[in-house]
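Consider the two complexes below, in which chain A is the common component and chain B and chain C are the respective partners.
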Partner chain A sequence: MTPVQGLIRPDLVAKIGFGLVAAATFGGAIIAVFFRNIIHNVLGLALALFGVAGIFFYLGSPFLAFMELLIYVGAITITITFAIMLSKPIGGPLPERSFKKTLGAGSVCVLIFGLLSYIVMGTKWTPAAMRSSDWSVKAIGQMLLTKYDLVFELISLVLLVSILGAIVTARYGRGRVE
Partner chain B sequence: MDLVQIARSNLEGFRYAGTEVALCVLIVALLLSGVILPFRKNRRLFLIISMLGLALAMTASLKQPGAGKGVRYFADLFLWDSFSVFFKLFFVAAAAFTILMAQMNREVEDYEFNECCLLVVSVTLGMVLLASSVDLLMIYLAFETMSLLSYLLVGIRFREARGGEAALKYVLYGAFTSGVMLFGFSLVYGLAGTTDIMEIGRILNSAHMAGQNRALFVLMVLFFLAGLLFKTASFPFHIWCPDVYEGAPTPVTAFLSVGPKAAGFAVFIRLFYTLFAREVGDQGFAAIEQVDWPAIVAVISAITMSLGNLSAIHQDNVKRLLAYSSIAHAGYLLMGIACLDKLGLEAVAFYLVVYLFMNLGAFAVVTAVNNGEGGEDIRFYRGLSARAPMACVAMAVFLFSLIGIPPFAGFVGKVFLFSAVILKKYYWLAIVAAINTVISLYYYVRLIKAMFIDQAEVSFEPRVSGVSYAVIGALALPTLVLGVYWQPLAAFIESIF
Partner chain C sequence: MADLYQKLVMLLGDDLTVLILGIVLTLGFIQFNSLFLIWLERKVAGHMQLRLGPMEVGPHGIIQTIADGIKLVGKQLITPRYVDKWLFMLAPVIVLMPVPLAFLVLPVHPGVVVLDMNVGILLIFGFSTLNVLTILMAGWGSHNKYSLLGAIRAVAQNIAYESPLLVTVITAVLWARSLNMSAIVDAQDKIWFVFTPWGALAFLIFLISATAETNRAPFDLPEAESELVAGFHTEYSGMRFAMFFLAEYTNMFIVSAVGVTLFLGGWRGPILPGFIWFLLKSYVLVFMFLWFRWTFPRVRFDQLLGFAWKVLLPIALVNLVVTGGAIKLIDLIR
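For the complex of A and B:
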């Protein structure tokens, strides 16, 4: 063992890593809710979702972590940014934030958080049946194409029809321009 | 399990998935025929293709499983039992009537008809999968297949302000409620550690759960209810209903009021009677001890029907009126679910069949009136009987049946529901429902009075084509026949639970 290796203690690294992940989640959420510039909000949301991906990684599910990055950070925040860009110009005067509304929203959130944590803490959860201890991407891929192949096919059908629907609703003045 | 074995068992599953396969074939056929340009506006062609496909799907679902608990197929994700067969037949019939109505409807333009058929059939596929799935994963996916595609169906006239608003409202409410329901699913999964609902039902109803947190069970039930009450348009998630029904093309409205609503009830029964109740004796069920959900459902049922009926009184737009009426009927149907015995479930299934005919019939007449220079406002119905007597008589039959007046089918349906409720000693609920029936008399009869007694306000030519008359007749006939000769249907329904 080299002296450097002796200095790095794996459990400490893991703890620091988890701290970073939690900080990213929490900080991102704060930015997403409290900042006044809407673009900052979206970036805060992206940061929070990065943190959530990290939490999935810590829970031993790298596949879900990658999906979180791919779908939420990659696709959804970009879509939100596009929606903001297309809706109205940024930089106008912001309306005053009403204290009453903030208080109301805050107390509802605290209530829900309290209720959920009471339930999560007070329940004896059953771990998922260990059909296999292998939760790797390879195993998930194999399941998708064997046991869950119908699910897989159905998702592709839904996507296909949704794309058609998006085309139908987005194309301008069809049939009227003839 | 090795791959060959999995492949073989999946292939075996196709023996029970005839309806699903037929609908998939129909979807592909519609897609392919829709891209051939010369056919683009050929309504009759798409109608024929759809009818052939749906007839195939209908025959494929006719095969009845014998006695026993049914067969699992496709990696145990689906169950082939008489319950799912009943609902498969129901959904395919609803789709067929909808496409017939859309064919004669002028709100759906020629170039949109192919997409309309395609979406109706795809939603039907979602509903069919939903009726037979017994795995939380598959239930959610089928639920979303049905929901996502029905949002599109509502928004098919997206460029028109009303259509766009309706679609957007439907999406926003739908996304929120199905998200909440998914959270409920995750709680159930966390508690039971499996997604198979039969297995979860056994675990939740076992003695192990006695010491568990009651708050968790209450929360689970409430989260499940959010998604299901949205689909069935019940309180407190009914607010979208009038706007969506008004904004969507009339055939689509008709489809939403029976198809996805019945699918909501099907999955409601499947989930609640499997997860949160167990069979006791021959006829009854017992709810789990942790939460008295039948009482919650009974209260929601009373509020839903009162709200729907009271709001319908002031409606001058016939589609909005029928929307509130459909909320009220969701309330009546929930009574049967709250009963917690087989009699109640049979009453729900019977009423759904009756509701299919009478409600689609009412919407078919609305479509026919819309097709002339008429509109959806009650003004257009004043004095209509002089110009379209047959349509008005049929409308009167449908409306009397919706009220529940003998000798129409609605009466028999209501008798079944009321008797189930009274036998269960829910007297207060029966009284609320009776008062509601009286209230509903007012606004349905108001429409009948407008058609037969009032003087015409707007003079327009209602263009009721031969096909329209055929569809209206095909829906009026069962509404009349089931009112006097319901025995075969009642016997069939008795065999499915």
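For the complex of A and C:
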């Protein structure tokens, strides 16, 4: 053991690391929900997803962490921003907050939170020591094509539907102009 | 040197020493690389237009960039009144954040890599996506029509060209059968990937997409000066402006280094030591980017997007399938 390594306690470093990514996730989520400027909301979402990627990294799966960065931070938030920039003039007075909408959104959130907590509490989690710790790309690939085959296929179905939707929207718009 | 290294290891331990040395060297290299590339760009531009380029400061103007850098550090940071203060200030800071990370996983010499990560290539591309986000922050935060238009163009362009770029990267990864940068270099010990027919095609697509991803001419529409003033960095002055340039030129080097690692055998080469070959090959690719810029006229925006979605992406996907088939065939023959 070298002098400096003795000073740096691995468990403390891990705790600080977890604190940082959790703070990024929560802070980002708060910005995404409560701020009034829609561009700030999207960037908050990006921060939250960045934090989620950090949590994956903390849990020992860099592959998932970088995929989260690449797909969610890189592609999804950017596509959302793009849609916002193209759809609505930015600036000008902000619309009033409607109490009904806030109440509706809040109750949906509480409902989902309750449901998820119920599932999380009810699940019998396997302790880390008894689980397989093989998070290599190979293992993930094999899992996706064997055990989680149905989920994998369903995701591609979702993508297919969204592509079809995009094509229908674009085609319709073009027909009207001509 | 070896003695000093031993002392450092005694004090800090193996991992920490390598990490700290790696980060210090990387930060030093980023500065040096940007100074050199900006000078090189002006020289190349000059000579291609039958001019001499910078000649005044130092022999052949080699310390011109240092003089420019000092000027930029000394300049006032102007913040226009109606900008979104947080985004405007954060954008030039965040733009440099992912840049040093990419260097950590680049194998520069046999056995020399700061962080030998088994998904190294994903680290580079995962963090490089933050670049678009910062362009967006800068463009939107500036409260300027030209900046916003530049940012919108940057986003559309980056989404479009990231797809073929990543497909070619997957092709190279499939050929090497690993996401680890060192293993990708190891897999090219018999033949560099670029010398296989599918590898050559993938490399061509990679080069075109990389030019677009780094916002270089002929795909530099986000900062097209004849239509958008300076695009997303119109409102930035002094060191904030310099930060964007630092990031841009470093990204050019990173993209070249990734291209070298994936397609040109990394540090492999005869006689000279590995890191010399690595730098040599990377700078040849960088020179090609400069060459493109001063040779091709800027394309129109619809041509740019159409080319990515209708030409590059289908070819890249077909090439991926062909590569997969070729790997299977080679396996069968063996």
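Note that in this section the second predicted complex is superposed on the first by the 122 of 178 C-alpha atoms of A that agree within 3 Å, B and C clash if a C-alpha of one lies under 4 Å from a C-alpha of the other, contacts with A are read in each partner's own complex, and residues count from 1 in each chain.
Simple rule for what comes next: contacts are C-beta pairs under 8 Å (C-beta built on N, C-alpha and C of every residue); 3 or more make two chains touch, one makes a residue touch a chain.
None of the values given here were measured: they were computed from a predicted structure.
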Partner chain in contact with A:Asp149 - chain B first, chain C second, else both or neither: first
First, second, both or neither for A:Val161, with chain B first and chain C second: first
Partner chain in contact with A:Phe63 - chain B first, chain C second, else both or neither: second
Which of chain B and chain C A:Thr81 touches, first, second, both or neither: second
First, second, both or neither for A:Leu43, with chain B first and chain C second: second
Contacts of A:Cys109 with chain B and chain C, given as first, second, both or neither: neither
Residues of chain A that touch chain C when the two form their complex: 1-5, 37, 39-40, 43, 46, 53, 62-63, 65-67, 69-70, 73-75, 77-79, 81-82, 85-86, 90, 136-137
Residue ranges of chain A in contact with chain B within the complex: 115, 118-119, 122-129, 146-151, 154-155, 157-158, 161-162, 164-165, 168-169, 172-175
Parts of chain B lying in touch with chain A, wherever the complex brings them together: 1, 3, 6, 10, 24, 27, 31, 74-75, 77, 109-112, 115, 118-119, 122, 125, 129, 137-138, 141-142, 144-145, 148-149, 152, 155-156, 158-159, 167, 189-194, 203, 211-213, 215-216, 219
Complex contact set, residues of chain C against chain A: 9-13, 16, 84, 87, 117-119, 122-123, 125-127, 129-130, 132-133, 136-137, 140, 148, 151-152, 155-156, 158-159, 162, 179
